[in-house]
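Given below, in the form of structure tokens, are the structures.
First subunit A sits with subunit B, and in the next complex the same chain sits with subunit C.
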Partner chain A sequence: MSPFDSLSLKVHKDAVAGWVLSFQAHPRSKSDLGNGQFYGFHGSRSSQFPSKDNAIFIQNGSHLASTYCALAILKIVGYNLSNIDSASMLTSMRSLQQSDGSFMPIHIGAERDLRFLYCAAAICFMLNNWNGMDREKAKEYILNCQSYDGGFGLTPGSESHGGAAYCAIASLRLMGFIGDDCLSNASALSSKANIQSLLDWSLQRQVADGGIQGRPNKASDTCYAFWIGATMGTLGANKFIDERGLRSFLLTCQSEYGGFGKFPKELPDLYHSYYGLAAFSILGEAGLKPLCLELGLTEGAATGL
Partner chain B sequence: MHGRPRTAPKPEDAAASAAKAQKLRALQSQFLSYHHDRIYTKEALDTSAKLLEINPEYYTAWNYRKLAVEHNVKESESSPESVKSIFDEELKVVENALRQNFKSYGAWHHRKWVLSKGHSSLDHELRLLDRFQKADPRNFHAWNYRRFVAALLGRSVEDELQYTEDLIGNNFSNYSAWHNRSMLLSEILKKKEQESYSQDTISKEYEFVLNALYTDPDDQSGWFYHHWLLDQTSKAKAPLLVSSWPVPGSELVVSGNVSLGDHPLSSFSKVTVALERFPVVLYFNQTVEGVNSSTVAIQCTFVQNEDVTWKPFSPQNSWASKVWVGYLDLSGVDHHSSAPHTVEVKLGHHKGIMSSNGLQLSVPFDLSFRVSVKPLETQSSKDEKLVWEEDKFYACEMPIPCLCYDGISVGNKYEPTTSDWQIGTIAEEISQIRNLLAISDSKIGKITLARLLMAHDVMSSPYATKTVHAEEVLGLYSELMKLDPSHSQYYKDERSLVLLQQLLSSGGTLLKHCFYYGGITSSSTHGPICLRLNNQSISRMGAFDKLLWVQMLDLSDNELHSIEVLRASNHWLSTLTRRMCDLATETILVLRLNRVKML
Partner chain C sequence: MASLSSEGEDWRAWVPLSSRPEFAAVTPLPQDDGPSPVVAIAYRDDFRETMDYFRSLYSSRELSPRSLLLTSLAISFNPANYTVWHFRRQVLEALDADLNDELEFTERVAKGNAKNYQLWHHRRWVAEKLGSDAACGELEFTGKIFCLDAKNYHAWSHRQWVLHALGVWENELDYCTQLLEEDIFNNSAWNQRYFVITKSPLLGGLKAMRDSEVDYAIEAIGTNPENESPWRYLRGLYNDENDGWLNDARVPCACLRVLKAKRNLKFALSTLLDLVCLGFKPNQEIRDAITSLRTSHSGEVGSDSDLAKSICSILGHEDPMRANYWTWRSGRLPQAAEV
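After this line comes the complex of A and B, so read on.
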């Protein structure tokens, strides 16, 4: 877990990198690249099974979310991404982008929403190559996801949601549409997106118990401390969070076994532990490395330094 | 499953779950084999159904079923009943999967896919949705699906509105129902029926939401909806010029090293950058595009209008901004003559400057100022020493140069775009919310009232010169800081912006804060005018449009609380300073940020 300074957990970086790389889907030849399939990473062996007619060739079950995770893990263990065949990955990723700018996560078909757009943006950012997507179209889709109350939904017309807000703002930041002057009225983004409303909506997500909820009138949940916290941080509005309140709420979600659960007194799970720690990093907790908010990784992992 | 509380496993459970995992793996490889071989028999389909019941997120299985459906439908082309039963079977599988996880993206997506094939009964879907609504009124998958089904059914907006009304009536905090209502209202308003119909609709909504606000003044749902109604009431306003630099009517002396052929830059430039071009800044009330030499005419002796390039001030955008800068090339000026040149700037006479809402700037603005140029003299290239002494401030008696731009528009042709209905509605809401706050201390209610009061002021005067309600708004933010201390920083910042508007909007108030500063040693005149905004509890800077004319700004003893904030708000002033510093420091154009003491 990268935010820890001393890796008291023995993580065998090469072994991890090797295992992750074994999930990569490779085109058989250059002509394969035009066949509409996405050549990224599988999520697990379940979707990776050999073709009957050719025992070596593996069916392509690459998924955008697994690809984002794979690249993020590789960055965390310090693997040099220039060793990857990113050209095929990015060229083939274009066929996942829809005419409205959104992304489908797999070529065989699935629902499309902001989650996968975020994955695509993060992939391009980590590979430092925007050939994989049309950023302008993606931005349009994101702006269409802003809801009546200033928040963002996962699809146009959907109810505002903390996770969607993160996907929207982090994607815009990754794609270069959000500068450091976002809060000022003169910022370019404020002419198309209602940043003030988004800020108001996000601010109201921190509730009386100090925790942060994902939607109005829902219970505070550990992970939204990151989804909303990082959204506000990206907008430069961190100072508006009641840090003391949030910190004390998060501590009630920490289990006696270590790690964090979703709600106070719940057993921990990996997902809430990761985002709980990430939230503490945003809060400036001593001993935790600073985060690259828009990637959800430490700055060190993100920049490779 | 996400959201289920966890409990520690017992040893006998561990064995059971190991057996289950083994069974699952067998099922999975059997399934993959069918999928691979494209076998779509009943037995094969049953395998996939079993898998999906255990794990509805297994999207490969959903896609397999789509392929199976397409294949089997083709096979039974002749019999519509068997086609329908194929799709009905899919719906059953989805329902089973949803029972395991009513938030499964894959399951809902598959149901949508089935429905869009057009062979299934839609009435059943509404009944299904009712069941989901009762189980969890905030399930956004179900709500998205409802919108999809309503569209397929061609259900009237009014019927759906009634549905949300019933739900909200049962439970005012059903935020998802309010959200749906906003979607439906947007549809109605978009149809652009008669103005009076839209107005009636919005007025009725205000009444409806007020009931919710009175029932539970602390619940966010009604307030966010109310805020949205306020946005619908305000509508887009036409773009206007609200500020500019140089200040209209001013006399500028520009000195510096103008590069003249055989005079190398290095022999002069010590303090200033070589002067080549003179900036003209236009500040609008909203982001606009289309500012160029066809839409803005510069008339002066030393520059051709077509040679002036206008650029947006915003770094991230190359075609739209609230602020635009055009540069006048000064190399054509005769430097041996110090006679002033009149520069006229005219805009709004030709179409082209447009807001992002598509509204044209249609009010003409004519400004002029005078510029004289003289080369930089060696003695004035000494560094100016700024000595900061409190007793070196002298009260300003002369009137401040032009601040209010409604004097600039040609013939005061401005016609207000706000209607009586709009102002009347806002006034009515102000009264209602004040009543509500008399009986309840709702923080979100106070925020709403503050917004309403500011909106009313803006509507009453487009150049934001009237700040009738500023005092009341400042009071509200002070109350909020006490009522909701965990968000006090936010309220302080909002309060600062309102305060700045109040201080900078009226000539009378402004004058009280303006002083001549006699502390610059080389100055021979009164000294520059310093705007003193010290000790005002300002935590955030704003109203930059009203600060363009400022020569010195004193922000000491405020609460600008971090370097970042200062940098961000300073970005404005310092960038302008950099631009002004293209000109010599000796002139009255100097814009410097004075020492800011941070607490």
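After this line comes the complex of A and C, so read on.
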């Protein structure tokens, strides 16, 4: 039985969908759409406030990351995304994209890096509508994030990092810039991403204890089994990972209480539990459903079948 | 204006906001979780009360000293609440607050939350407003963070932004050298070094720096050939310059020294493989060193494609975790690796 299915056993899917939809920010009128605000989903009631009809100050705290999560949750519970008013969301999302191709997650301002570009790409992909972003500009920013060592940093010039590698490659895949035959043609990208050096860098992230580190000379950590594992999987290269070694490392991170922690003997948390399980799915663990790697969902949830 | 932040409160002595005179006449606004919340959070009473008061002042857009105090409290409960941080910035602007006090505030928050995105964004916002006067303080601040965690990703991003936006490059290369003396395995410091030599307006750019940096990397390799960082750095010095890479005799020489020591071979071998794949013709000494490492004793290494295949084969043994990868590489050696 897939852990991704347990939700349907315990919680009514319609209730989840209704609750998620209640976080959507809606423009008051069409003229609002040009005001620079992003009309997506709030992450929680702590950033969503009751709106007063004649209020000058409409607090719109909707955010790219919570929008990605909202759409992903809706797909997991089988909600038909074509029922969403996505036009406002996508049109307004464009104003979050910066001149260098990167994305700000919220119109009031925040840090900008590859994570939010990934969220934007995933949102467009799930809604099957690329009006929300300029893909070419986004690709340019991704390529500028490739470091001298072949890995990707979260921003241009930043240190190569497993999480950034995932955001970069998954985004390129979602946007249609990486095909299935990426490995056989290392310059499958008609531009400057050096796939061969990314491959070499990524594979060296698996260390002596079998686990995977996020950066050279750092400790291995459960979640990078997904960040790097999924990056390799997207490129068709997960056959190069030492699966037995990784599996045995992950098992040492499994808690006696269930779930996974970051390191062996650490207490479990939701984040590492999810990524630990996701990594096991990539490793082909019996009883776990296969994943759509670039969306971070099961294939079933991703395709709606 | 005196700092009104009081986030050093002792939680055991929590005085409800409803009892505090400065919040008299503020009507708290409860969170509306709706009829059937999913994964409802069991908020602690002091958290709930703080956020109820925050919601009230936020909704009425009160940009006052007591709002500033409230954001300090709310941040101490949940420093990841970006709505609170944003409101704090609006309050600071409206009050024309002393932003040097604000730098101190962020430093206090950083103590338990050095990996918090919102904190670092706020720090950047403050520094940007203060301008180049703040530059040295920002280098000092990130330096303090590095004393506790020399690889804090946020701090390195912030430091790169400071250098780029506020222009204080003078001592940065020396700073990298110092960090690498403390820990030659610090990949963040190697990355910063690359950033400095390529971007600093004081150093002349990569081409001008390449020669001395090759020596620097090779020296680090000599001391710790198992250290991935200087190998990647060395290769990176010649990115997009294959001719230079192929013709710098120091590189195969450094590889050979490692091979002769017969320990920690994998990066030396993969560097040689990379060179051979680009058309490098190794000398007899290197060929002999490869031969002596070969596990299958089928005679001397002949053509270059034999050499490249030999290196892949040795790598399969020296780097067994990636045996499949080295086999795959062996099967797709480019034309340049042929005689």
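By definition in this document, the second predicted complex is superposed on the first by the 282 of 305 C-alpha atoms of A that agree within 3 Å, B and C clash if a C-alpha of one lies under 4 Å from a C-alpha of the other, contacts with A are read in each partner's own complex, and residues count from 1 in each chain.
In the analysis below, a contact is a pair of C-beta atoms (placed from the backbone, for glycine too) under 8 Å apart; a residue touches a chain by one contact, two chains touch by 3 or more.
Because the structure is a prediction, the values reported are computed rather than measured.
> Overlaying the two complexes on subunit A, which is it for subunit B and subunit C: clash or fit?
Because the two structures are overlaid on the shared chain, the partners are seen to clash.
> For A:204 in the superposed arrangement: first (subunit B), second (subunit C), both or neither?
After superposition on chain A, A:204 lies in contact with both partners, subunit B and subunit C.
> Could you tell me if A:236 is touching subunit B, subunit C, both of them or neither one (first, second, both, neither)?
First partner only.
> Tell me the contact category for A:177 with respect to subunit B and subunit C: first, second, both or neither.
A:177 sits against subunit B, while subunit C stays out of touch.
> Touch check for A:15: first (subunit B), second (subunit C), both, or neither?
A:15 sits against subunit C, while subunit B stays out of touch.
> So, does A:110 touch the first partner subunit B, the second partner subunit C, both, or neither?
Both: A:110 reaches subunit B and subunit C.
> For A:258, using the defined touch cut-off, is the partner it touches subunit B, subunit C, both, or neither? Pick first, second, both or neither.
neither
> On the superposed three-chain arrangement, identify whether subunit B or subunit C touches more subunit A residues.
B
> Which partner does A:45 reach: the first (subunit B), the second (subunit C), both, or neither?
A:45: touches subunit C, not subunit B.
> Would you find which stretch of subunit B runs into subunit C in the superposed arrangement, from 241-249, 385-393 or 493-501?
Clashes occur only in 493-501.
> For subunit A, which residues lie in the overlap of the subunit B contacts and the subunit C contacts?
46-47, 49, 52, 59, 61, 106, 108-111, 147-149, 153-155, 157-161, 200-201, 203-204, 206, 215-218, 239-240, 242, 245
> Could you pull out which subunit C residues touch subunit A in their complex?
Spelled out, the residues of subunit C in touch with subunit A are 31-34, 36-38, 51, 55, 58-59, 61, 81-83, 86, 117-118, 120-121, 124-125, 151, 153, 156-157, 160, 185-188, 191, 194-195, 199, 227-229, 232-233, 235-237, 239, 270, 321-322, 324-325, 328.
> Spell out the residues on subunit A that touch subunit B in their complex, using ranges where they run on.
Within the complex, subunit A contacts subunit B at residues 46-47, 49, 51-52, 59, 61, 106, 108-111, 147-149, 153-155, 157-161, 176-181, 183-192, 197, 200-201, 203-204, 206, 210, 215-218, 236, 239-240, 242, 244-245, 261-263, 266-267, 269.
> Okay, in this complex, where on subunit B does subunit A touch?
Interface residues on subunit B, with respect to subunit A: 3, 5-8, 28, 32, 36-37, 58-60, 62-63, 66, 105-106, 108-109, 138, 140, 143-144, 147, 173, 175-176, 179, 182-183, 186, 219-221, 224-225, 227-228, 286-287, 313-317, 320-323, 356, 444, 447, 486-487, 489-490, 493, 542, 544, 561-562, 564-565, 568-569, 571-572.
> Would you pull the subunit A residues touching subunit C in the complex into a rising list?
Touching subunit C: residues 11, 15-16, 18-20, 22, 45-47, 49-50, 52, 57, 59, 61, 63, 106, 108-111, 147-150, 153-155, 157-161, 199-201, 203-204, 206, 215-218, 237, 239-240, 242, 245 of subunit A.
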